[in-house]
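Presented sequentially are two complexes of chain A, the first with chain B as partner and the second with chain C.
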Partner chain A sequence: MGFTPFIFPFAELEVGQHLYWQLGNIRIHGQVFLTSWLLIGALLTLVVVGTKKMERDPKGVQNLLEFLWDYIRDLARTQIGEKVYRDWMPFIGTLFLFIFVSNWGGALVPWRLIRLPSGELGAPTADINTTVALALLVSLSYFYAGLSNKGLRYFEYYVHPTPIMLPFKIVEDFTKPLSLSFRLFGNILADELVVAVLVFLVPLVLPVPVMFLGLFTSAIQALIFATLAAYYIGEAVEEHH
Partner chain B sequence: MTSLLLFGASEGGLFDFDATLPLMAVQVVLLTFILNALFFKPVGRVVEEREDYVISSLAEAKKKLSQVEQLESDLKNQLKEARQAAQSVINEAEADSENLYKEALALATTEANASREEARREIDSQRQSALNQLKSDAEKLGDLIVERLLASK
Partner chain C sequence: MDSITTAASVVAAGLAVGLGAIGPGIGQGSAAQGAVEGIARQPEAEGKIRGTLLLSFAFMESLTIYGLVVALVLLFANPFAG
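Let's look at the complex of A and B:
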């Protein structure tokens, strides 16, 4: 299943090539897990180092972690609302941190120095499997949030202003994960491709501003994904009167 | 990395869905629980403890400030009363000294008047007596002159 339109100029870029691992009957994309483990390892190291000795007057890494915590709390609180944001803050925060670390890790770490038999290491979020997994988790979360908070009254949401909304709201349940996953996937993959093509064509200077733009896009995409996830959960637990 | 780990065939494409998807979902859920235990709970506890500390310190400071304001207004009242008391003492003293002065003045004036009156009376009486003496001396002298003139004749 080669991706034919890109074959000629991208011959060296190996788009859509994967490092397959065979686990019994199933196959997985090894490069995605390798980079995600490395990046999750880095994230957990940072967290463990920063929370080892916490004080009332924060020092060093604790400052950074508290800033992140505060940022995520504000995000969750504004989108989900005062009542239940505490339950969902770890999930929203994990989405944000995981996507952010994946995007920036993919852009900042010179993965190309590590040669694989097939495929190449890169941002885990540039693989459609990862983004769809995240988007489906968001879908499950908002259904769970709505049902656990309001029981079957959750389905009032589908006919909320008028029953005419019913088909649109049902379609929304499919478009939400679709748009979430493709937005992230498309942005990160496009960023990697643009940088790769520029490096391929003009190896000096020119790719640098595009790389900075890529870092900006990566951060924004993490924020957008987390904000939308929180918004969907907030929409599901909101009380209509 | 062992070659066993990196073993793989190269086929696929951009939209190649396989078991990566559910495994990644499981991995993210696990990461959520791990981060909740390692990051969100401990940092949240520290941040919220600090927020409580700041709020309680602020409330305490406000209470102390109101106490200070209360004390300040008390002291101001006391100061005002003390000033009024001092002013009234000063006024009283001034009135007293004024009265004393007036009394002393009146006493001195009457004394002076009395002694002047007495002196005048004394002068009058002495002048009267002097006049009488003079008159009698003049009469005596007249008589004497008359006798001498008559005798010599």
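Let's look at the complex of A and C:
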């Protein structure tokens, strides 16, 4: 519905056009599934190859993976705290790596070489459904973290400094997934749009620095998503006195 | 979609991005000012300041992006297009 999408001559960008798959009576966006499966496959291959023959002196892929592990551990430890960060490190790491690989994979892999009947392949995170799913996972996990660590005392958090805060904290539970998902979706889609519009106006040289800026912001958005997820979990498990 | 809805949607999309850019623009300006002052006072802390600055820039920028999302919804997935 809506307008017929803008078709740029060089960089076709079809917002709101999807490759629909019918699954029962649900229509799903096939192009998102295709790209995310490919990227998950690439990520899994990298991890399996890197951990197959582990050595005391890491080199090559193993070195890269250990660097990533350190990075994610530091992120989780600073946000969640020394006591429970180990339980949540895999979750935070998965979020970070999946979002990072989707953002960069959407920008760097020449998806246009593969033609689809409708819609086009691109970053899975440029689809609102993916980001909402990820954000709702974060919501569920911080509730779970709070309840499993502190039991019903978790709800003390809602009245923590004063009971006046109660409505704000309840509203916050809804705005957290909203802002998480919209931030990621909007940033990735905006990157793609800006590059497409620039390619449309000046097809040579000029879009390249903007593409690099896009890569940079996508990396930052992956970091922000993971940091915020860890922060919310840390907020839920934190002990008040 | 009738022409009045189209016109209103296009104007609203423009306003959503344009007005939404004002606040974060001012905010990013003052954040950058603070960072430059911090670096001038303590040049050895540049790396840390840069990291924090970029992270907070991304937060501020997402406010404009919300406006962009609204604009894109109005242009490409307008719920009022009959």
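By our rule, the second predicted complex is superposed on the first by the 231 of 241 C-alpha atoms of A that agree within 3 Å, B and C clash if a C-alpha of one lies under 4 Å from a C-alpha of the other, contacts with A are read in each partner's own complex, and residues count from 1 in each chain.
One rule holds for everything that comes next: a contact is a pair of C-beta atoms (placed from the backbone, for glycine too) under 8 Å apart; a residue touches a chain by one contact, two chains touch by 3 or more.
This is a predicted model, so every value here is computed, not measured.
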| item | value |
| --- | --- |
| Touching partner for A:84 - first (chain B), second (chain C), both, neither | neither |
| Which superposed partner A:23 touches (first chain B, second chain C, both, neither) | first |
| First (chain B), second (chain C), both or neither touched by A:190 | second |
| First, second, both or neither for A:220, with chain B first and chain C second | second |
| Touched partner set for A:47, first chain B, second chain C, both or neither | first |
| Touching partner for A:211 - first (chain B), second (chain C), both, neither | neither |
| Which of chain B and chain C A:94 touches, first, second, both or neither | first |
| Residues of chain A touched, compared between chain B and chain C (which is higher) | B |
| Contact residues common to both interfaces of chain A (with chain B and with chain C) | 1-3, 15-16, 189 |
| In the complex with chain B, residue positions of chain A that touch it | 1-3, 15-23, 26-30, 32-34, 36, 40, 44, 47-48, 51, 54-56, 58, 62, 65-66, 69-70, 72-73, 89-91, 93-95, 97-98, 116-119, 124, 127-130, 132-134, 136-137, 189 |
| Chain C contact footprint on chain A (complex, rising order) | 1-3, 5, 15-16, 179, 182-183, 185-187, 189-190, 193, 217, 220-221, 223-224, 227 |
| Chain C to chain A touching residues, read off their complex | 1, 54-55, 58-59, 61-62, 65-66, 68-69, 72, 75-78, 81 |
| Complex contact set, residues of chain B against chain A | 1, 3, 5-25, 27-29, 31-36, 38-40, 42-44, 46-47, 49-50, 53 |
